[in-house]
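Letters A, B, C and D mark the chains in the order given here, with residues in each chain numbered from 1 onward.
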Amino acid sequence: MSSFGRIFRISTFGESHCAGVGVVVDGVPSRMSLSAADIQTQLDRRRPGGNKLGTERNEADQVQILSGIENGLTLGTPIGMLVNNKDQRPGDYGSMSQVPRPSHADYTYQQKYGIHASSGGGRSSARETIGRVAAGAIAENYLLEEYGIEIVAWVSSVGIHDSDNVDMETLTRAQVDDNEIRCPDSRAAEKMTAEIVAAREAKDSVGGVVSCVCRNLPAGLGEPVFDRLEAKLAHAMLSLPATKGFEIGSGFSGAGMRGSSHNDPFVKKGEGLGTSTNNSGGVQGGISNGEPVYFRVAFKPPATIGQEQQTVDYSGKETVLEAKGRHDPCVVPRAVPIVETMAALVLADLVLIQKMRI
Amino acid sequence: MSSFGRIFRISTFGESHCAGVGVVVDGVPSRMSLSAADIQTQLDRRRPGGNKLGTERNEADQVQILSGIENGLTLGTPIGMLVNNKDQRPGDYGSMSQVPRPSHADYTYQQKYGIHASSGGGRSSARETIGRVAAGAIAENYLLEEYGIEIVAWVSSVGIHDSDNVDMETLTRAQVDDNEIRCPDSRAAEKMTAEIVAAREAKDSVGGVVSCVCRNLPAGLGEPVFDRLEAKLAHAMLSLPATKGFEIGSGFSGAGMRGSSHNDPFVKKGEGLGTSTNNSGGVQGGISNGEPVYFRVAFKPPATIGQEQQTVDYSGKETVLEAKGRHDPCVVPRAVPIVETMAALVLADLVLIQKMRI
Amino acid sequence: MSSFGRIFRISTFGESHCAGVGVVVDGVPSRMSLSAADIQTQLDRRRPGGNKLGTERNEADQVQILSGIENGLTLGTPIGMLVNNKDQRPGDYGSMSQVPRPSHADYTYQQKYGIHASSGGGRSSARETIGRVAAGAIAENYLLEEYGIEIVAWVSSVGIHDSDNVDMETLTRAQVDDNEIRCPDSRAAEKMTAEIVAAREAKDSVGGVVSCVCRNLPAGLGEPVFDRLEAKLAHAMLSLPATKGFEIGSGFSGAGMRGSSHNDPFVKKGEGLGTSTNNSGGVQGGISNGEPVYFRVAFKPPATIGQEQQTVDYSGKETVLEAKGRHDPCVVPRAVPIVETMAALVLADLVLIQKMRI
Amino acid sequence: MSSFGRIFRISTFGESHCAGVGVVVDGVPSRMSLSAADIQTQLDRRRPGGNKLGTERNEADQVQILSGIENGLTLGTPIGMLVNNKDQRPGDYGSMSQVPRPSHADYTYQQKYGIHASSGGGRSSARETIGRVAAGAIAENYLLEEYGIEIVAWVSSVGIHDSDNVDMETLTRAQVDDNEIRCPDSRAAEKMTAEIVAAREAKDSVGGVVSCVCRNLPAGLGEPVFDRLEAKLAHAMLSLPATKGFEIGSGFSGAGMRGSSHNDPFVKKGEGLGTSTNNSGGVQGGISNGEPVYFRVAFKPPATIGQEQQTVDYSGKETVLEAKGRHDPCVVPRAVPIVETMAALVLADLVLIQKMRI
């Protein structure tokens, strides 16, 4: 249940305070050049920074490649990767909190397993995504080398502030990383930054939306029924902590439209066909049509806040909870590379599956 | 790739003009009472009716149970089910259209397989969902008998018209089916009906949103990482034809909120814990917490419209396309039982998986 | 659990006395020419004949193709196939036997499911293999067309009588089918026939061994660890009713050899390499090496015999069981096409998986 | 493709000369007591010893638990485990052998992946089994604690020398480990030892058979069709390096029997039923019947021998190959815990799947 993908398949392991977190990546094509540096770049992008927006923890998160690569080339065998946890001391049960944190997974883990990790968020911790990002970097590397596929995500809203000035056709990661908020629309970025600072000052947190575009996909990716491209993407995105929604192409606003304006007419593009509009989001009948695939992912405000919260303990007794320490008031800037990762994992899998048909 | 579910697992087959459509349902618990009538009820709800809103085709869609049931009891073995197609004549290649229909799957199927069914929507046709609905009726039966789980979906918007007067705690299918639009808010239903009629008169189509609530779920369903309950639901819903978005609980609007108002405080409920609000949509850390699970699914306007559309043929030559015959101007009323079906399939699978942990 | 294969994937359904038995075949490559006659040929080979060796039942077993094929070409979508059962009347519970038949699955089904089909062998019945054979015929068709792969099985022993005069390099199905026993060594076939006749006259049954060779496999099929070619074949063969053993290449006799005589030295063959001996059975490190893959499958004597058997009923009370009617005293002649089928299903899956690597 | 199991699921990684070998174990029940020592015991049993029979390498193989366990209890989350490789220096391509070793995987890996690890056996190396054994120890722990299931394997033949004096009902691992050959029949063990010594002196190797018994299984394990208990066991065993055959219960000798003597009559045992003989090997219709499950696995002689071998290089040019260093002349004593491991992995998976039915 901790695996994702059919052919390009990852299995992650690890929680907050165990020895380490990592991943086994199976199904990676052989003879692809790959180095630890290729992987470290994305890991560094997802790392909590030392800036005013994120938490002040500074985790090095240095990846160690355990297998599957020799002399800089993939062998076609599983690639094991490990990132050690700095703080491996689990809490002891005596001091373990008797109060499940509201909108955290403490209570549901306890209901599911009859036990939960004594501190941290267990497998629901953002730390679990390290394994995904390490694997996703390999997928991205493959997609780019073999097909020229580019995946770029960015912050398109924080709280009620939206960006509206982004060119999906040309957007680059360098442009996204140009500011800390990872919103390439600099005017919107300013408002978003102010919102995050305000939330922090109010000992509160704030949600947001990450958008993502995948360019240069060949037509034909995705399966017609249960493994439609958008279904796989939705699954991938909603498997990320704190996500509440997914939409592709016209999305929920498309539900308000008439067919005559929603349909994407075909036009001649180069040697083949394209569409003159892209309300479909690059997917028709669950299969890529060669146009850019773009989608949006909603993230709720982080559940950990400094304010006092009225709640009850496991026995049902009323109590007040107040989080200690410093916490990230908004996850969406850090979520950007994680969204790219999940898109890359989906596409690498579908590209390999489609290879069987050609 | 035409299978869904890990333990309660379905495999569908069939397209528009072959001999029939159907499903094999594996992993059904044994000794459950089950009759063809149990299944036919939901099949009849998804059938295109003869009313002024839907198409006027009248397909009987009588289910035939092929295996897995004896003397009204399930044997624990796979249940095969078949619904014959009335019109089995595929078009012949000579007359096959040279024009891929805009926002249909003709073009992408051709790109993927190098061939596509000579008429109809192939596996992307709504007709494929017959197998799902037949299987979903079995899942619903199990969930209700064993856990008292109730799943009710309804139309919450058509075009720009939303309903806002629905009590998710008590809503029944009878209330939903009380009008043709399947919107239990009768004032909204009137506006929605008018919108559909207007779209039809304009030889156009219109989109909408289906909402769904699942009640009486035990806490503990869903897996913490890739198979989070919301991820499985999102996958299931986006695997339906014409869907463009999914949101659970607060959804996209939750992305605009602060944590202090989004968090769901715990309160004592009966012997255990509940939450006083339900922005989480009944899921925390990917696992059900015992509160109602509710979500929304966006459907685009149907691609088939009577209006002329400017497009190109496979060779890239400009042409005008005009759909013949009568077509459904809005799919959301018929999508209601299909959304319920997919929710039931997800929950039956997760319930069985969780049984291993107890 | 009723599915087999990762990409070329089948899901069978049906038991002895339900409406029918069948299969859904997913992952079949598109644009392959395929007719019902292609499938019927193998179904006819597995059918109980009217000869003196098999049972005298004569089941027509006419296959109906439900989906996935149009105008004689595969669409790439799931192919559903159905064979109706002639006798659909399940026994009623009142008259259901209270005595589990020795070495049949009655008792274990009852333990597993708390219920079992009121007559016949349920899913353990040989009738379940109809779905497999129909699917296997498609796999064979693909393997032969695309790669020239030939699969030929034959009876290599009945009781204590072995054949020793078979040329695996040239053996054809026509040669195998030349006698009723399906042993191409005619002298051995005579002894085998006599043994079967003797067993029948003694109201007894007799076991045997089916051997199989797969020729013209490309090198590179099979995965190095859990999905080694021989592991998949062993899984496939031991999934057949009445099987007790599997060996590939030198098999159990190889365990008695020294490495110096067991190793297969490489030699130049055509443009590439081959081996001068083939104790490996065409597989090294779990992966095909281009030499013929050959293996043997042991079948126990059928459990249904006309002799009286001392046993107990479900309550533990001693009783005597005596089977009514006519039963097949030896299954191996009919098992020949079924063994070929399972080999074809394994190879089609591995061929498609390997296509992703090229 | 490097994963095994449906619910209790392992994914192994690592080859001979990378950083390490290991495994991720998913689906482990929560709240089970588990320590590194529990796992190390079986790892030590599989380790090449320093005795006269095995190789003289002494690899410490100390397991590091990375995740999934806290304060000595399983969390229900994936358990990552790692064993570092002592010698991590892969060979460089310049010096890489141009000669594929006969009956090794060098040639087939090259055909499959277009590359292979520059030294050692890659994923076909016995070293890959470390991850399996670590995972299997967890499975055994669970089976013993929850069901009292005992799994004991032993060497039943080396070369042409068989043991015939083993009581499967009472055999213990302590008895098996009483001599270096792991054959509890001490007279046979002496002959086996002499055979191994003789093979070593002749710079040769020798094969053998490992037998295994699984006791105290509940009735009802295994699925009726593709995942029959014997099919899963056969798959598991044939996935081990150097295996050539598998038989359960009467096995190949059962193929020579008449049904009247092969059938296992039912008798009253305690509160339920058992059988008076056990030719079935504890399985009927693919499902355990409560009697001991026993089976045999054939291992070929190791391909690496000190003698000169006439072969060809990758270009087809004739050459002579002579292995350097000391090699294990017989793998079966070390294979004993590995066979137990694979049996435990199969049974843990089937036990969990059956839990859903009760």
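Definition applied: contacts are C-beta pairs under 8 Å (C-beta built on N, C-alpha and C of every residue); 3 or more make two chains touch, one makes a residue touch a chain.
On a predicted model such as this, the values are computed, not experimentally measured, just so you know.
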Chain whose average C-alpha position is farthest from chain B's own: D
Of B-C and C-D, pair with higher C-beta contact tally: C-D
Separation of chain B from chain D, taking each centre as the mean of its C-alpha atoms, in whole Å: 46
CA centroid of chain C to CA centroid of chain D, Å: 26
Approximate Å spacing (C-alpha centroids) for the pair chain B, chain C: 39
Where chain D touches two or more other chains, by residue: 1-3, 12, 30, 76-77, 112-113, 122-123, 224, 353, 357
List of chain A residues in touch with chain D within their complex: 1-3, 9, 11-15, 17-22, 24, 26-27, 30-31, 64-71, 73, 75-80, 82, 90, 92-93, 112-118, 122-123
Residues of chain B touching chain A in the complex: 1-4, 12, 100, 102-105, 107-109, 111-113, 121-124, 128, 157, 159-160, 199, 202, 204-209, 219-220, 222-228, 230-239, 241, 243-252, 254-260, 262-268, 272-273, 275, 279-281, 283-290, 296, 298-305, 307, 309-312, 314, 316, 353-354, 357
Complex contacts: residues of chain D adjacent to chain B: 6-7, 29-30, 76-77, 224, 352-353, 355-357
